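Two complexes come next, and they have one chain in common, subunit A, joined by subunit B in the first and subunit C in the second.
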Partner chain A sequence: MKKQRYIIGYLLFLIGGVMVSSAGYASAKAETMQKPAAAIPATTANTKKAKSNSTADHSKFKELDKNFNSGPEVTKACLTCHTEAAKQVHATKHWTWEFINPATKRKLGKKNVINNFCTSTKTNETFCSACHVGYGWKDDKFDFTEEAAVDCLACHDTTKSYKKIPGLSGHPNYKKMEWPPHSGKFRPATDLKKIAQNVGQTSRDTCGGCHFYGGGGDAVKHGDLDSSLKQPGKYLDVHMDAKGLNFSCGKCHLSDSHEVSGSRYAPTSIDKKGAIMRGKAGERNPTTCVACHDNAPHKEYAKLNDHTDKIACQTCHIPEFARGPRETKMTWDWSTAGKLDEKGHPIKINSSSGAVAYDSKKGDFTYDRVVIPEYKWFNGEVKFTLFGDKVDGSDIVKINDMMGGPDDPNALIWPFKVFRGKQPYDVGNQTLAVFHTAGKDEAAFWGNFDWEKSMKAGMASTGVEYSGKMAFVETEMSWPITHMVAPKEDALTCAQCHKENGRLSKVAGIYQPGTNSTPILDMLGSIVAWLTLLGVIIHGGIRVIQSRKGA
Partner chain B sequence: MERIYIFKRFERFWHWSQALLIMFMLLSGFEVHGSFTLFGFENAVAYHTISAWMIITLWIFAVFWTFTTGEWKQYIPSMEKVDAMIKYYITGIFTNAPHPFKQTRLSKHNPLQKLAYIFVLVVINPIIWFSGWAYLFYNDLAVVGLQGLPLEWIAYVHVIGAYMMLVFFIAHVYLGTAGHTPTSHIKAMITGWEETD
Partner chain C sequence: MKIILGFIAGIALVVVITLMYAADLMVNEYESPFGVEETAARVQANIQSLEHRGWKLSALRNPAKAVAAGGTNVLPVLLVEACSTTYSAPLLKDDKTKIVSLLMPCTITVYKKDDGKTYIGTMNSGLVGRVFGKKVGDIMAEVAKDQQVFINMDPSKPAPPLIRTGPGGGGGKGGAVDAGC
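Right after this comes the complex of A and B.
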């Protein structure tokens, strides 16, 4: 019948409408679902030296055409042309290891903060200063005004042969030396002339030389920074992808007068002002995602832009941290440190994955890879528990507490690596302890394994006398996750949050459809709906019975 | 038996399209809500949004049609014979009593129907529409001065509307069988011709 054809016609039209529009959506999605390429091995990546774009070839400068005996000698040569460079570096936190917390005006920086990894740099400078942009910092008498003490090469080496050795107070080895200690392997003397003649811009190798090894080893500290970022594949880091965008660190961490942008002491949690036009940065942080991508970057699925008022980009786009081959350290328990074997020698025990699970010098560790972050509101303010702040062992100490909550207009939900540990505190003085670890002296814990001596020496360096009683307290540090950004096809999918017990289920103050978060309404609604259905069934049932009777 | 032509072609098209869309929106909407998994959350959101736009388009046409044809008069509510209708549904319908309402070209909905439809029109639909729009354009609410309206409230209102629509849908489908014969209304909505006594 003609009429029926019409009916079927428009049914098809209707269904077709939905199908066509959703098929477009599905195919756009399928396109992005290709399997991620695994991290490419370093050997196949472009390891050969990139052609420099610099207008200066340092190998042609007579100032550099000589055999340098030490780092400071090289620096003096650099300063003959780069007259202001050392003064600039002197003003940076890479040099001062000091930073004033804008939220609390208290002094932070490596010089002042006690963390829950190797804890503090005080009294351990000969070792820690391997990651200081200077030469010669071995105790509190270091001269921070000395221009020749600035280490240019740590950041500007391009030969990958410059390495500052822990224990040498910020110097590389000028003579052949065994490294790592007792390994039977030897490092040749550092060829300062070759390095000086090949200086260039900073690179993933130079920044990574320290920042990939924070906390005392590769991948230990941050969880989103490790040596796999030297030549990463696209899957590991969409920006640094060695065969793709191949960003250096400095591409995002723009620097000016040697001050590098980006900070973990005062991170930018939110920037509502959108992408930064060239020349218009002002005081804004150029390192954020928004600085390039703007606040409404999702063109294909505009609904995703509705998330940017509550959720940091990193929360979806870095679905896990330590996504590379390296394990990151998750816990560190100092309270078990100091166990020795029957001969009185320190021991190391490896985990099944080959990582050090116990080290007499440091205690017990655990590690993990491809870790789901913990999610918290964060407004960019960080409160630290510093030396002298009351610690009495009753609570878990939040060494850096992330401020912000759902009602704070400057807070977004961020992913964090939360690093948990147990570390010494001075019971009498009720403070996190500064204790002496590295060095060749009597008191160094890593030589003598004597807590009392180590505590005494460490605390003395702060001007506070050790009370004579120490214990271990549980501590937590939060590390905002922001590197290792995944390609978009590997970002979180909607349903990883929009389901019961989804990723953000523990975060207060957000409404997420799909999480069954309106139980009372659902109960009432379904009761009414079921009653209606029941009524209809009873009513219909009676009609059926009655009509049978009538028939 | 008498047959009268009640539903014009556009009306039937409108009715069935709306029926399909509303069923689809109930399915996709309650999946978005988290009541069950069918298409997958991401698809459910996409389908729900697409069908929202489709039903909006359909509505614009329907409103236009209703006013240009004068059919809007069909929806003017009145309390006349409402009691008779209620009585009929409670008793008469079981005893094969005559239907208290006689459909004509000019009056095609019975008084209870009119009330139900006007309820849908002025209560359920506005609830769903306005909250739906707010949901859709949640981050641009400042444009209409509603910045800071929590998503939670918008969602609550929308879900309340959705449950009301669900209840209406169940009752409506059933009452579709309560014509002169169980299928007469349904046939009428398909062919346009209603059988009356």
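Right after this comes the complex of A and C.
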């Protein structure tokens, strides 16, 4: 009889199971049919047409009403009214490409550092100066005191038609020319009169003309700066959202006497002094998040303010970089450069997405999009490996090492793009190499693919004789991520860090609840939980039996 | 009393087991050594290698792009869609199995997770097919075999180009007609 009851129970169990599954399926189906798909929220911002608020219409100035033959001619015309502008520009990093670190007194700036992209500007000025705010820098004889050599239009063009061409020593093309080379596409001669008559404030287009294309192409270098920020959606940058706040770069990077605030060489990692009062002069950096948002910006979830003494705003609010449609370059291996096809011609091989994955001139590349940053302590001090610093090939060379640690009161955990490369070093001189790449001369690597000639010419430009032996060394360069601020709804959630292998799991010296477990404690907890359940069942069973007996 | 208790306990057990394991049983997830776009491109190339079994690419969809247009960020997701008339024709001919067209075209999803790694997701066609009876089950079992070819990531092969058939962002046209779906 007992057996029969259990068999009936078992059959009912199976039938019940099927019924429950069917009911669940049916209800889910019904729910799906009743609920319409959630509508994608439309952006609420208005789409105002940009208009100039300038009090001057430059098209009415007779100084600008003529056909200019060159950029310096335009500059001379500008200086007739803006008499001090060139002197101001001469004092800026955009002009000198030099920065003296106040703490270490080491000479930094583009003119002095070696990176792991195109590596060095030395001997390559004709090309690199396409992003210099000047005209005519082609070698070390460039006159940095010449006022007419200042390029006003690079930053003040509003027509979007001004372009400095690599290879023309900082000049735009004054005649019709094929660009890019061998593309079959032609750029018309630059209409300097039209551009000069339409100058205005700097814009995302003018700043981005260089900063979006650093490292040799769109999105290559920074990871958080690329051409998708010219007209970004809210998802990409909540401040620059073209249909929303529509910030220009200058909205945060306030300038004074043409010196633009914000620095890669001496960044502000922490600002404990709260928001900056409008109009208050001072030495503080106006580009920080705190400068506007204060040190305790989280009103709704005040607990989040407890994180701001150890975690940079960017860590949570820029959860990924390169979130636009452009891929950013992640690695660059110079050691494979120079391969040619059977006919001796250079090769280009594309990646799956269509980006150049191999170029005989430059070697192998990899790319990524929507990249999870790497996180490190950072106190604002950056230690650069400069030319002459000892490199022996035994370790990965940190081109710029971020200083700071968990016990440093000035350090916060920051997000970084870490760009990894393999680049030449002079084995005999034990230093990162300066090698000559661009140009039409015989020593330029991009023309002859001869490392020895390229190394000899590059090293000579530094005053050091090439030892005759070169090799390749692995390098890392870190780029603090600070643009592409996501809407607050997309900031990192608690669970993205407070879990095993969470976002900050590789950061040394921190304890985060929920990130790890102790097996013994877990086992004890489980035993206690199961014993409790067992106790409840036994206790309940006894109560049921006792109540029956009582009845 | 014991029968009722056994019945209730059975239901409870089935509910718990269903909730715990059903989702994992219905889908498969594999880690890819490549990035999202290259993984999707390799899946596409693998699908094209099975043209003799009727497979054709029908679309590449990017649902993350539609989300971005709405002002929100999600990590990259690409849906590679393909169809094979070898398998779809017998199912579409039969009124009893036409409903299975809901599962067409065959979709392979490629996505990045918060650990920064790329993953490939497929439906567990073999198991799902069995739910619909022998005919569908047999066909889906064949699809499941082909799926294993789709997701084969061979690093010795060069990265193929991503074939952008269909929409760039989150919907729209695909080549489904050409692909036999």
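Criterion: the second predicted complex is superposed on the first by the 465 of 551 C-alpha atoms of A that agree within 3 Å, B and C clash if a C-alpha of one lies under 4 Å from a C-alpha of the other, contacts with A are read in each partner's own complex, and residues count from 1 in each chain.
By our rule, contacts are C-beta pairs under 8 Å (C-beta built on N, C-alpha and C of every residue); 3 or more make two chains touch, one makes a residue touch a chain.
Being a predicted model, the structure only gives us computed values, none of them experimental.
Visitor: Check whether A:Tyr511 is in contact with subunit B, with subunit C, with both or with neither, and answer first, second, both or neither.
Guide: So A:Tyr511 only meets subunit B here.
Visitor: Of the partners subunit B and subunit C, which touch A:Met523 in the superposed model: first, second, both, neither?
Guide: neither
Visitor: Please work out whether A:Pro487 is in contact with subunit B alone, subunit C alone, both, or neither, and reply first, second, both or neither.
Guide: second
Visitor: Go through the superposed model and pick first if A:Arg543 touches only subunit B, second if only subunit C, both, or neither.
Guide: A:Arg543 sits against subunit B, while subunit C stays out of touch.
Visitor: Applying the document's definition of touch, where does A:Ile347 land relative to subunit B and subunit C: first, second, both, or neither?
Guide: neither
Visitor: If we overlay the two complexes on their shared chain A, which of subunit B and subunit C does A:Leu533 touch? Say first, second, both or neither.
Guide: A:Leu533: touches subunit B, not subunit C.
Visitor: For A:Ile396, using the defined touch cut-off, is the partner it touches subunit B, subunit C, both, or neither? Pick first, second, both or neither.
Guide: neither
Visitor: Share the list of subunit A residues that count as touching for subunit B in one structure and for subunit C in the other.
Guide: Residues 6, 10, 14, 17, 21 of subunit A touch both subunit B and subunit C.
Visitor: Help me check something: in the complex, which residues belonging to subunit C touch subunit A?
Guide: Contact set of subunit C toward subunit A: 2-3, 5-11, 13-15, 18, 35-38, 40-42, 66-73, 75-76, 112, 114-116, 158-162.
Visitor: Per the contact definition, I'd like the list of subunit A residues that touch subunit C in the complex.
Guide: 5-6, 8-10, 12-14, 16-17, 19-21, 24, 40-43, 233-236, 319-320, 323, 349-354, 357, 366-372, 486-487, 489-490, 496, 501, 503
Visitor: In the complex formed with subunit B, which residues of subunit A make contact?
Guide: Spelled out, the residues of subunit A in touch with subunit B are 3, 6-7, 10-11, 14-15, 17-18, 21-22, 25-26, 29, 303, 305-306, 308-309, 493-495, 498-500, 511, 513-518, 521-522, 524-526, 528-529, 532-533, 536, 539-540, 542-543, 546-547, 550.
Visitor: Spell out the residues on subunit B that touch subunit A in their complex, using ranges where they run on.
Guide: 9, 12-13, 16-17, 20-21, 24, 31-35, 40-43, 45-47, 49-51, 54, 89, 93-96, 138-139, 150-152, 155-156, 159-160, 162-163, 166-167, 170-171, 174, 177, 190-192
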